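Down below are the structures I want you to see.
Next come two complexes built around subunit A: one with subunit B, the other with subunit C.
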Partner chain A sequence: MDELVIYRRLVGARIRADLQYRASFFLFLISQTLVAGLDIAVIIVIFTQVDTLAGWSVAEVALLYAMAGIGFGVADLFVSEVELASRHIKAGTFDLFLLRPAGTLVQLCAMEFAPRRFGRTIQPVIVLVIALRAVDITWTPTKVALVPLTVMSGAVIFGSIWVITSSIAFWTVDTQEIANSFTYGGYTLAAYPIDVFGTWLKRFVMFVVPVAFTSYLPVAYMLGKPVAFGLPSSLALLSPAVAAALALVARAVWRCAVRHYRSTGS
Partner chain B sequence: MRWMWEVATRSYRRQATYRGATLAGVFTNTVFGFILAYVLLAVYQERSTVGGFDVTDAVTFTFVMQGMLMVIGVFGSTDLADRIKSGDVVSDLYRPVDFEAYWMADAYGRSAFYAVFRGVPPFIAGALVFHLRLPSAPATWIAFVVSVALAVAVSFGWGFLLQLSGFWLLDVRGPNQLGWLTAQFFAGVFIPVVFFPAWLGAIAYATPFPAMAQLPVEVFLDKHHGLDLVAVYAVQLLWIAVLLAGGRLVLRRAMRKVVVQGG
Partner chain C sequence: MSEKRETIVELVDVGKTFTVAVRKGWLRRERRPVHAVDGVTLSIEPGSMVGYIGPNGAGKSTTIKMLTGILVPSSGTIRVAGLDPSRDRVTLARRLGVLFGQRTQLWWDLPLEDSFSLLHHVYRVPDDRFKENLGTFRELLALDELLPVPVRQLSLGQRMRGELAAVLLHDPAILFLDEPTIGLDPVSKEAVRSFLVELNATRRTTVMLTTHDLVDVERLCERLVIIDHGRVIEDSTVAAIKHRYGTVRTLIVDLEQPSEPLCIEGACVVRVDGPRQWLQFRRDDLTAAALLERVAAQAPVRDLSVEEPAIEDIVRAIYRGEAV
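Moving on to the complex of A and B:
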């Protein structure tokens, strides 16, 4: 059977299962929407104290946050399930994925799919619409295309980070929390102008874990702002290429990790 | 009372076995401490003080707060809720000890472990890069430890109530997450409550949440002395009384109305 068909069936089953505890499901959906809402609330609170942050206005930072937030939300919905690899490895249930005739990553992401995570993208989309109206951008065809391209690249970049960091679980089972530093941490970094961070951290988000490509560089390009380290702002146009490259790395790492897998079963 | 000590020490030891998880957690707390500290530093490029906090106060606040997160259990626990869902809670209720006190002893054991192994390292890491402020007077250290101990009870009371909702909902993950996120925001976990505009600050101080984290960290920063410090403790004690009494009330209702799973 086609992997996409398997994926759709498993996801459908998950959605029906989650709707069994209806009250809890809706509370969970609301809370997921609020998770993202708190991030923008923090930004708004900061801007009740200052007019600009490293030369960025509240609307400009909101745009940064929205771009990063949508990309991260999409990755959270479809890929963050990979986090649970550590739980399956610990319980010995990862064996089941290897027995079935479908990719391990596809199966894991489908089995653990949680529709409540949809809540995470609703709110940044609203902020994006508001922020785009509030900021001053001279639109060109390139800039218009950059909006959807950035969001898609962001989803791929965050998804890849999720896969790469979760692969650690194949070597050490109980260090899953380190992944949070890169996934949630990377997203938090991406929601602020990286000019505020120290030099080493700036280098890190530009060249090592390239979350700068999920919002900072494209948004700086759209707004015509100077980019950290005096780099050309057209670097933003490389976002899709960076995303594709990182996805290939993630695929290689996951494959290597699965090959390394030794069941805990006795 | 002896049994509470026994429960607490076992809870402490249980946490101590997960060394890798502790290391990973310290790493994550430190990373978030750095991110938030840099954001606050950018704020202080524009302002010299915010709500009585200077730049050193704010950065110190960030790292003390990151160390406090696990001590007060700000991500919530579902240990009790899991037992309600599976029906195992029945055997807990049979025990000849107070149910709420049992779980509170469990929370204190865990917090004691986290205070040492998750509380101190992020602060040291932060101090290597940023200028942080340590309390100068020994009295402040003692005042801080007392305030943290009270904060643990406040957050336990909140978490206990959230988990008891499991008697009605079975799956508590939704209310748990919602309850703890609200708590985190108003406790000053993401940004100090002193940064809030007046109206939002007023809302925050009408909730038990600042008593979980914001107030103890202010004590660490030497913001409260004499009668002012007594007032901080009074607020914390008030919320402990309200939440623990609330927990008892809800538990009694649960016992009367709800049939335990697993027949």
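Moving on to the complex of A and C:
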């Protein structure tokens, strides 16, 4: 609870500080919204050439994209700040987090909070509303519950990937590219029906970096589609559990990284 | 039951070893251990002010980082306010005030008062305590005009006053200051020093400070710990160190008439400027009165003064390993 109060205060301070530079704040907000728009543009371009993608219609892929996009956008808004750990380590300012009576991850994410990232979620939300009207789903209570649960699980899964990959910075600096290939790369993969990928990539997104749980599996369940490797489609219901497990892994990795920092000071 | 002396900071044989990778040609790197702190044993009593000094790279900052829980020691044990800093970092943080002179902990783009109210919540300071402390520091550090100003617009001296208030709002029992006067003008330096004296007198806050400005030490600290190459090479009161190492004094005389450098047993002339001559002599060999008698026997003296060795010169000599 205390951490939540501290988080809220620090985020509030960050927003007030950002509003000192109002013009750049709104320019960033607009650019972030537009950048997110490019992703759906790519999908639309693909569908001008084909009618279905591995048996998925344009509305179905749009739904897939929207669910992954919102989860990713939420993680981007609240957790992607962790990328800046490397900058704080290099500048020596990470020490300040260790001097205060609060968790380092909470402080880092709050201090670097960037409200302009909110722009990323606007566009997938619009797509979600349109796609839900266009697709043909026989709604059950489980499927209805799965919509918010998937978005939340997706946010936790993407957030955990962000934390895990950013932790590398504690061992070697300048690893942003590697980290980004997992976060942004993972998100790009999550926005497509994974059936179009090769076997190895399919295994990768199902079992290694489980981005399939952020959208593909739940949406396949809702639409009643067969799932890769012939697995039961009810696997989708495990999304929250997968998210929770990954969050625990992320917390352990972060702690290990901070412990390493405190023993080496680099 | 014999009473054990109370300590608030205790280091027993503390070491910190870093591994540094040295590039040896293409791709080949050699890893070499560097002992930043090498067996430091030290204890500090509550309410005291201790100067922790040493040349650059001696291990001062590494020690402070271990005491505050930023770094985990490689060997030895540390207790600060009864806690193990590496294990109880968060609990200890509430009892510590830490100020790095070269780094700010204030919110750069926000008014100074916003930083204070944020720290109020981060440290969960009770409201009445916060109000009382803020009131005290506003007065002592003349903060009234600075409170609504964004921190980035403050001068270094003004900011340092803000930083001092910021680290003290939660009533820390111990204050670690890493070069608190670095870069400040003489007036600001003096403001910081007199504030610290006042703080120590009224609240009995324990202060440990590292500095390169020995005026800080003379003005603030009774005790001086000197480290070099990660080891304590001197730990004593400032007065004792002066007494022990400062054996060479200087008698400055103004003669009636300019003259050749005087030739006196037990002293040697180190400088001549018109009628003024500087004579160095060892405290153990000669008293100032005896020397003056010998000088007066050779030439009439109009005025005189005796110069004690400056702590700066003594410390410089200790760093160089010259003082014995």
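Methods note: the second predicted complex is superposed on the first by the 260 of 266 C-alpha atoms of A that agree within 3 Å, B and C clash if a C-alpha of one lies under 4 Å from a C-alpha of the other, contacts with A are read in each partner's own complex, and residues count from 1 in each chain.
By definition in this document, a residue touches a chain if its C-beta (ideal position, glycine included) is under 8 Å from a C-beta of that chain, and two chains touch if they have at least 3 such contacts.
On a predicted model such as this, the values are computed, not experimentally measured, just so you know.
Judged by the touch definition given at the top, the superposed model places A:Leu10 against subunit C, while subunit B stays out of reach.
Applying the stated contact rule after C-alpha superposition, one finds that A:Ala134 touches neither subunit B nor subunit C. Contacts of A:Ala241 after superposition: neither subunit B nor subunit C is touched. Taking subunit A as the reference, the larger set of touched residues comes from B, when subunit B and subunit C are compared. Contact with subunit B, but none with subunit C, is seen for A:Thr188 once the two complexes are overlaid on the shared chain.
Of the two partner chains placed by the overlay, only subunit C lies in contact with A:Pro101; subunit B stays clear of it.
In the superposition on chain A, contact of A:Val144 is made with neither subunit B nor subunit C. Using the contact criterion defined above for the overlaid structures, shared-chain residue A:Cys256 touches neither subunit B nor subunit C, since it reaches no partner.
The touching residues of subunit A, counted against subunit B in their complex, run 21, 23-32, 34-35, 38, 41-42, 45-46, 48-54, 116, 172-178, 180-181, 185, 188-189, 192, 195-198, 201. Chain contact summary for the complex, subunit B toward subunit A: residues 18, 20-21, 23-25, 27-28, 31-32, 34-35, 38-39, 41-43, 45-47, 50, 129, 169-175, 177-178, 181-182, 184-185, 190-191, 195-197, 200. Residues of subunit C that touch subunit A in their complex: 18-19, 62, 65, 68-72, 74, 86, 89-91, 93-94, 96, 98, 100, 103, 105, 107-110, 114, 118, 121-124, 150. Subunit A meets subunit C in the complex at residues 2, 5-6, 9-10, 13, 16-17, 20, 92-93, 95-96, 98-103, 259, 262-266.
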